[in-house]
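Each in structure tokens, the structures are laid out below.
Next come two complexes built around chain A: one with chain B, the other with chain C.
What follows is the complex of A and B.
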């Protein structure tokens, strides 16, 4: 590799130092200059958290070979304001509550800065378009657009600068008040350090070898060539686990690295710690694994059939968890019903897609405490599991929770922290692993794909007499949170409705798909999607308004849930009333809608998707037409 | 991960050809790099080791552009953003700003080049149908015994299929030349999963020239991509519409014509519906921008598709 000298002006300072031809500008500013305000979210130009100015023009630094910066003026998010101060836009982001996890925010602030420099009078539509290259997963964007509009108006003098000042709480009264996030300044400025931003002296870079097979026996693993490579400081496999291997949220069925066989594409098999990332990648390619392919199963219903491939010896029927709920007698309820509807609903696997891919840093401290820093959503549980896995007393295991750049349940699983601990112990050096976006998608938990068959019996006046539900979920190769998800899906599946006869069965099933795990709503979405869709159909068949049928069946103050939890106060009908008012609902059964609806073509309805607000924009016209 | 041992930025065509000759078989030409870097990742090419990358984006000749009333010449390293920033280009290529605004995002199109978009030969390339509608030709250069030899090829013939072009070994795409069509109304219709950073499921470039009264279609150009292995010029529809008086009925007839051309690997039925809608929307938008008499288009049609 031929290093070259890069001469550039970065954040106003002359830089002249060696750079590697394979480096991207993002690597150079983050790794070599330690300017970690701009992040890496995807490495493929999709998310924009790496956006920097190159000669005053905003570009994505993950798509720029560093040689392209030769002679250029580069400005990162750190250039927007002096330390301890915030730019007008950054203040507006703080004021508008536009930062949540904060991982996309440095890029968002940069894109917003660029947008207002190009057109200081950009309207909301143009702002949306100009920020189109930046993805946020937490906020839903509205507060970000609010912030940019606020900054625009302050910059243009339409609003006084005091519009950016905080109106903090008065007399300790927080409820119902607009209180600004304490951590927002660190996020809008890029100061906050996520796990992937942290380094330690002597730190090694970790890469993970992952399975290309969905189900295969591991005949042999030969790491000798990788271990012999210069710059490789440690290679681990399941043979390096000193204690009782196995982690999970409810059942500890997943080894730190594949043991004996692999059960899904992307499962970790070995990990390497090396002096640099390229060496670690090359070492992975030098590890030889011999597999013997096994029949695999990719459908939960097929996995439930006799003779289906078995994933785990302890679960010969591939059943991870079955949760039954029984209230009353559903057959009696159906007999009393005037209308019985049966339908089957399916939902798909969904990736959390938090902007921050998994990352972690581990080291063994001066007292021999194995320390793991990562954006884990469950550090206490991880700490207890890891102590057992590495056979150390709990006092010798420490977990530090780094800022979570979006989790949504996807960071509850200890899928890489174990490897980091083992490599730190083996090399006696700090080690860091930063997932690529692709690695995050292939290896981490997804929302459970489900198929729910629902039978509901109702009387003519809209009262639900019986509900019978069977949901089968594809839990993937390992248990993770499946048990809890099945539980919540069952408990909440029949909805907030008083129903005298309920029979619910939820099944989590092992397959050779990517493991399913925790995801916002934790199973309730899948079953309630069925129940709520069903209620709309019932309303149509009975000639009832969809709001009305829900009010008729709503649980009442002092009532009981389907699992006999006593309810003090039920706010469902209050919520329904507010929703009905806010959405401009046209009362009546669902099938009346459409032909009679009067909202189409109205000024506040959404037109077909288009782009080009800048062509009609007030202020600066960008293109001559 | 893209791993290279050397990253060269030749300052002239001669230097570029010398580097290509010296590193023949172990090098790759890059310009904007906006496709090369995402390509060298898991799920696509994975880790790629290319000993030498030759970045031609700084060669002055590849950054030259000339525009007059009849012709446009674009150096291959012309950025997509140029079609939004350069009023002369926007005037000569009226559909191009509309295409550019849909192209990737505000940041990537500063970096992405017209030459890269063409050589990449994606069936869904956004810029290619626009240029095909302008009767574009590509200029291909190579070093022959110390001299630079150039040849030309119609862009419609150059793009042969997914990732397949007429580029020969040792050749470099140096420029694109095409008709200037000032006074035409242009539109570009595109659909994908979202507005920014999305690969076209279908995209359509429309250029319309009307008579002074805004009634008669004097000329029009139509080119479509995303519906088959390579972009297509819709010559039959052009012939059908040329010389006709603008009317809603005429446009509806024209909109039905391209449906049989849909030969994509997936979602043909969906694309046929999109093509019909895009034909109407594209023709209406282009005609309006060409100064169409508002009376010629029924308000219902305009409301539905304009």
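What follows is the complex of A and C.
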């Protein structure tokens, strides 16, 4: 391909540099110019973290070949606070608490800047629509809308500039105050470096070969052709693990790279460190793996049947964990009930979808300390596990937690840090791995899909006499946090209610699906969805208000939990009272009252979206610009 | 009317910190040269705002300003172990450890100044970067006090480990003490269901959650708003799909997430029932914020159109199918009644 030179004005400076015409503008900005403020979240134009201005127009730089920027004026997030002082909008993000993990924020700030340039008087609904191409996984967007409205009002002079400042907390009492986030300036300006933004001199790029099979025996792995390639500095497989292989949270059942067989599509088999990404990817293609397909199982109930394919020798029945809870005698409780309701609930696997895909660097320092820097949610545990896996004392293993661009439980597993450590040891050079979005989705843990059968018996006055619950979860190919998820699901499943007879069983099952793991609300979300849906069904049948049936059954101060623990103060009734008042709840049984309710559409709701309806005719919009 | 509205509610409870095992977190604190404060602990920010919370706690306990607190963290070779960033444990575990360590550091400094000024330690106050003795003319900056302490061979440092008094579960009946702090909450959802397309829009959420004691109310709201929207995603649209172990949802074009147009107005009601065990009274909010949202939405859908969705997510296709089925059922019942 003909060499190409990009001439452009980037953040107000003339740039004239060779580039590959096929290179993405995002990579040119981040890798060649080291302007890492704008991030890559998906590489497909779907998340907006890479948003920049091209000749003043908001564009997703992951979709633009650099050649398209020839002669253009490009502005990245770094252009907004060039002198070090944050823009009005960035200050508003700081004041409103609009950044959490911060990874989407540079793109969000760019999109919001564009929104107010197009219409300085945009109302909240228009702001929402103009931010529709930017995903945030942490904030729920509300504080972002608040920030943009605050910036709009300050820019328009409706509010003084002092509205952007922190309130004065000089009384020395800082607890209970909205102290502005200390990390927000670094996030709104794009200055904060996540692992994928960091480089080291002599750094190699890592790529991972992943299984295309859900369940297969590995007959052979031949890495010789890959190792012979120019620019390839190291190739590793499970044969390179010097210590006792195996990581996990409760059971160390997962090898750093597949050992003997693969158990899910996307499982790591080998990894390459090379001088550049393209060479590393070519080397992956040169690794020859011979598989022998094994029967696979993709359903938790099928996996529980005798004769089902077995994933792990230690668990011949594919059971990862069963947690039982027993109080009283449920059959007696059902016999004493006036109403017994049974229903089955199911929940699906979901992806954490943190905007920052997994990334990490590793190096062996001058004292021989194997150091891994990554957005890990559990560096303490990872350090202990890695020391065992690489057969080094704990003092020779160091984990550094880089800024986490969203975790939600998904970054608790040591899914790739082991490979980085091994490659740093093998090549004696710093190595870096940055997952693509697809790789992140395919290879990392999900929320446990579940099926819960719930039977509840109540007396006519609404008291729950018995609750029987059985939940079966698909834990996927490896244990990860399954045991803990089953435990929390079981302990909390019957809800915050005083129930004399309780029987709960939760089962985590191995299958050849993507592993399930830790996810914010950790099993409690699945079981309480069942219990809380069920209570409304009971309330309807008994003619009780949903608040009332919960008050009738609420655990009380000094009462006992389903694990027979004595409680102190129980704030449930206090919360129910506060909630009922705040939302102006119209009391009554939940019997499809929507059509006649008087408490709907209050000022503290939003209007429904009618897509596109609010945009003015094109001519009028241009006039506003 | 093609669009029907309704409301539903649900309650929840949750345990704070690691489950059915002893949880522990350590922190070091120092009142440093110039009167700034230094906190070192093994785990912090994953976006929830804990850095700011710890700075507020340290500033409050030691008498400096939050912006003068330096937090060194996240490095197993440089900081004391504090376990993981999860389990709704950070404010509770790390926050309480930082409070205890800060109190010890402050005590070291106060004891020196009590000696120097010849006053009772109880009479000494700190705040906003100053240290003074009540009812005297003694008042100096924290920086001056640190200089004075170091001159006497004392470094105003403190360390603490905050741990929980918890047990595992009995293997037969699950009896045990999995947590020492529990939180309770409840939410109301208001929805609009389009009976032509099956689309559900959540227009409002009211969320009341006990957090023990809110260190930073804006941060608590942020956790509630974010949790509600993640739950909305699972309730209405997100679905990681597999066929024979291969996913068909490998990007955000296929794996649908809530955007700015999907989110309700979230109204947070912060309930404070202080934890009697920890030194601060704080509990947590990260995970419980998500728990009641989905059943509240499903109960609201029932209120609006009379169909109960028991298999998530409540996609337009699924809701529409349920509405059609209900119409058929209602018609058959009406016919049978005739």
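Methods note: the second predicted complex is superposed on the first by the 586 of 625 C-alpha atoms of A that agree within 3 Å, B and C clash if a C-alpha of one lies under 4 Å from a C-alpha of the other, contacts with A are read in each partner's own complex, and residues count from 1 in each chain.
In this section, a contact is a pair of C-beta atoms (placed from the backbone, for glycine too) under 8 Å apart; a residue touches a chain by one contact, two chains touch by 3 or more.
Remember, it's a predicted structure, so these values are computed and weren't measured experimentally.
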| item | value |
| --- | --- |
| Which superposed partner A:183 touches (first chain B, second chain C, both, neither) | second |
| In the superposition, chain B vs chain C on chain A residues touched | C |
| Touched partner set for A:512, first chain B, second chain C, both or neither | second |
| Partner chain(s) touched by A:21 [first = chain B, second = chain C, both, neither] | first |
| Chain B versus chain C as contact partner of A:51, first or second or both or neither | first |
| Touched partner set for A:129, first chain B, second chain C, both or neither | both |
| Partner chain(s) touched by A:70 [first = chain B, second = chain C, both, neither] | first |
| Touched partner set for A:257, first chain B, second chain C, both or neither | neither |
| Contacts of A:442 with chain B and chain C, given as first, second, both or neither | both |
| Interface residues of chain A shared between complexes with chain B and chain C | 44, 46, 129, 132-133, 438, 442, 601, 609, 611 |
| Partner chain B, residues of chain A touching it in the complex | 1-2, 4, 21-22, 24, 43-46, 48, 51, 57-60, 62-65, 67-68, 70, 111, 114-115, 129-130, 132-133, 277-278, 281, 285, 436, 438-439, 442, 601, 609, 611-612, 614-615, 622-625 |
| Chain B residues touching chain A - in the complex, by the definition given at the top | 1-7, 9, 30, 32-34, 37-38, 41-43, 47, 53, 55, 57, 83-85, 87, 90-91, 94, 97-98, 101-102, 104-108, 110-111, 191, 195-197, 289, 303 |
